[in-house]
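Each of the next two complexes has subunit A plus one more chain, namely subunit B in the first and subunit C in the second.
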Partner chain A sequence: MSIFIISSDAREIEENIAKKVAEAMGYKLLNRDILATVAANYQIDTDKLSEAMKTTPSLFKKLPSRQWRYYLACIEADVLEKLMADNIVCQGLAAHLYVTDVSHAMKVRVLSGNRQGIQTVAEKRGISLQRAEKWLASELLQRKKWSLTAYNYDETDLTRYDLVINLDQIDPAEAVKTITGAAEYRKFQVMTYSMKCLSDLALAAKVNGALLKSMADIRVQARDGSVVVLTRASSRQKRKKIETIKALAGGVEGVSYVEVHVKKNILKETN
Partner chain B sequence: MGKIVAQKVAQKLNYDLISREVLLDASSRFNVPEMKLEKAIHDAPGILERYRHGKQSYVAYIRSALVERVIGGNVVYHGLAGHLLLKGIPHVLKVRINADLERRVAIVMERDKIPAPDARARIMEDDKQRRKWTQSLYDQDPWDTSLYDLTICIDKLSVENAVDFISQAAGTEGFKSSEKSIQKAKDMSVACRVKASLVEEFPNISVTCEYGNVLIYIKGKDQVTGKLSKKLDHIRESINDIHHLETHAGLEPPPDAV
Partner chain C sequence: MSDQPLKIMVIDDENIVGKRLKPALEKTGDIVETFEEGEKALARFAEDPFDIVVTDIRMEKIDGIEILEQILALSGRTKVIIITGYATVEIAREALSKGAFDFIAKPFKPSDLRAIIERASKELRP
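Now for the complex of A and B:
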């Protein structure tokens, strides 16, 4: 086993479980502490990255959609790069939404359960049980909205996880034991193919980050160093856009071939 | 897929495995054809059925038979709606097994010897009925994760891995039966028996039971009529574990009422 991706409907519980799983397994914990490094690598303000992880684009918050997507792409590229190393517990970086088809990454969702969740939040935040309940409900709605806007996936959809544990009656320590018990399962062992899938994802994320810095409406797929970029442009801009994409993507380390597919941008065409 | 996992868990823990037996119990005890019970637990009520309350009665019979079966503990139940019918008994571990649609299609194709489009359509229809059934009778979404203690996706994990997870969770402190949780199961069994005796004639009643003290909640405008009084006298005599029986008209039943 090399990667555990842990998420929860209550941040406090998610942090607690991830920390304990990392301790029990002797794995490295990857959490929002890396945002400072990401910010330094891409010369972005750390607070802006933290903000992008919490909120959806909004003009009132001076966070336009293109910038927001670029920030997320930077985080995603860095997280995927770090996940290439073995034995990691990842939490709080939305990896459960973009690490797809990597068989050695086990995605676990821990549900706070009514009793346990409200109590933990009330204790950690020093608020009443009623306020904690309201806070949890609004937080869940916000996370659902965020995940759908950012990755078009609903993070409350249980089919996205390998294992979902409800803490209503299961003690957190028992949950940790159950999760760590899976480390020995053959299906979660690192295979050459699963490692290749992860490196393809990491390369696509790097190219995505490089392109989103200067343009929007980009989708990137990578396979063995070959990169396919899907975008939109008007007939007039098409050639120039292809050249720019090829130049930018070709400059990313590990890219050997770039193919660009352009769809007509009907709106710009009409203008 | 759930059936195989249930069989293996029962084997590993040396528990009894029950599924169709519940319907047979309910069928013989309440004198209803098994087919009708199976339809009641599988298909969502139609518009007319919602007024006739037939399905509600059948579900009450099934629930009573199921609670009776699990009261002794050490049981693995595999079947529809177990997580809803046994809700409220603390030492019941509620597990959901998920599989990718294509894998489910392959299983149905092999089991029912039908082509892929038919298998897919059958699965979609089943899921639609399940959702409608749960929403109409329990006002909940069957895909809501919070209804289960453990949800296991069988795509990446093997059946054996799922069995390990379940067996491990079953051994944890939260699911060990205690004097209190056994009492709760016994009380639920009494409440279910009372409800099953009344539901055909009085479909809108709700029942709770605590240490043998039964409270029957009657909807707003309904009154304790002579017919109900007679029925209650009969219930007092026929169900042994009732210490005291009381009716409450016009009061909102608590959420754990059956």
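Now for the complex of A and C:
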């Protein structure tokens, strides 16, 4: 077993469980502490990265969609790079939404439950149980909206997780034991295929980050150093956009071949 | 590590796979036998066990997961490496939980398989 990705409907519980699992396993904990490093690497304000992890862009916000997607791409690229190392517990970085098809990454969802969740939030935030309940409900809605906007993936859909634990039925100490016990299952061990899937994802994320810095509407897939970029452009812009993408993506370490597929941008075409 | 050559069995119903892998794996002095049919491979294995079995998953009469189970039932020390052009997380996890040593998606370079075989041989001859 090498990667645990832990998420919850209550951030406080998620942090607590992830920390205890990392301690119990002797694994490194990967959480939002890395945002400062990501910010430095990409020369972005750390607060903007933190904000991007919480909010969705809208016309009224100071965070435009393109920039928001770029910030998320920077975080994703950095997280995936770090996940290439073994034995990590990852939390708070939305990795459960973009680490897909990596069989040695166990995705764990911890449900705070009514009793445990409300109580923990009330204690940690110094608010009444009633306010904590409202806060949790609105946080859950916000996270659902965020996950759908950012990765087109509803994080409250429990069928997407490998292990789901309800803290109303299993207390946090037992939850930690359950999670660490699952690490012994062979099916979650690293294999050549799963490492390759992870390295392909990491390369695609790096290319995505490099492209989103200066353009929007990009989708990247990678396999063994070959990269396919899907984008949109008007007929007039098509050639230039392909050249730019090939130059930018080709400059990313690990990329040996770039193929660009352009769909017509109907809106720009009619303008 | 011992200098004894490894006995490697390759099972794939596409004969091009065996044809390509056999010379590549024999370069290091190991003994390689290739089979296109799972039943024949299992019969051969029952006569004389191999150190390493490399098997495809999707084959007509008997699939790679069944081969994996039967091989491990005959010889617990044999390392079974699964190769497939239809890799998914579910299949990969199933293969590992049933005792596969490793799982690799096609297409792969012979050197990728060689690296897995080297790891397997280290476990066979610590």
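By definition in this document, the second predicted complex is superposed on the first by the 270 of 271 C-alpha atoms of A that agree within 3 Å, B and C clash if a C-alpha of one lies under 4 Å from a C-alpha of the other, contacts with A are read in each partner's own complex, and residues count from 1 in each chain.
Everything that follows uses one rule, which is that contacts are C-beta pairs under 8 Å (C-beta built on N, C-alpha and C of every residue); 3 or more make two chains touch, one makes a residue touch a chain.
Since we're looking at a predicted model, the values are computed, not measured.
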Contacts of A:Thr159 with subunit B and subunit C, given as first, second, both or neither: first
Broader residue contact with subunit A after superposition on the shared chain, subunit B or subunit C: B
Contacts of A:Gln169 with subunit B and subunit C, given as first, second, both or neither: first
Which of subunit B and subunit C A:Ala85 touches, first, second, both or neither: neither
Which of subunit B and subunit C A:Ala247 touches, first, second, both or neither: neither
Subunit B versus subunit C as contact partner of A:Ala40, first or second or both or neither: neither
Partner chain(s) touched by A:Leu111 [first = subunit B, second = subunit C, both, neither]: first
Touching partner for A:Gly181 - first (subunit B), second (subunit C), both, neither: first
A:Asp101 touches, of subunit B and subunit C: first, second, both or neither? second
Common interface residues of subunit A - those touching subunit B in one complex and subunit C in the other: 103, 185-188
Residues on subunit A engaged by subunit B in the complex (per definition of touch): 103, 106, 109, 111, 113-114, 156, 158-159, 161-166, 168-171, 174, 177-178, 181-182, 185-188
Sites on subunit B touched by subunit A in the complex: 90, 93, 96, 98, 100, 143, 145-146, 148-153, 155-158, 161, 164-165, 168-169, 172-175
Residues of subunit C that touch subunit A when the two form their complex: 87-89, 92-94, 96-97, 99-100, 102-105, 112, 115-116
Touching residues on subunit A, where the partner in the complex is subunit C: 101-103, 185-189, 191-194, 196
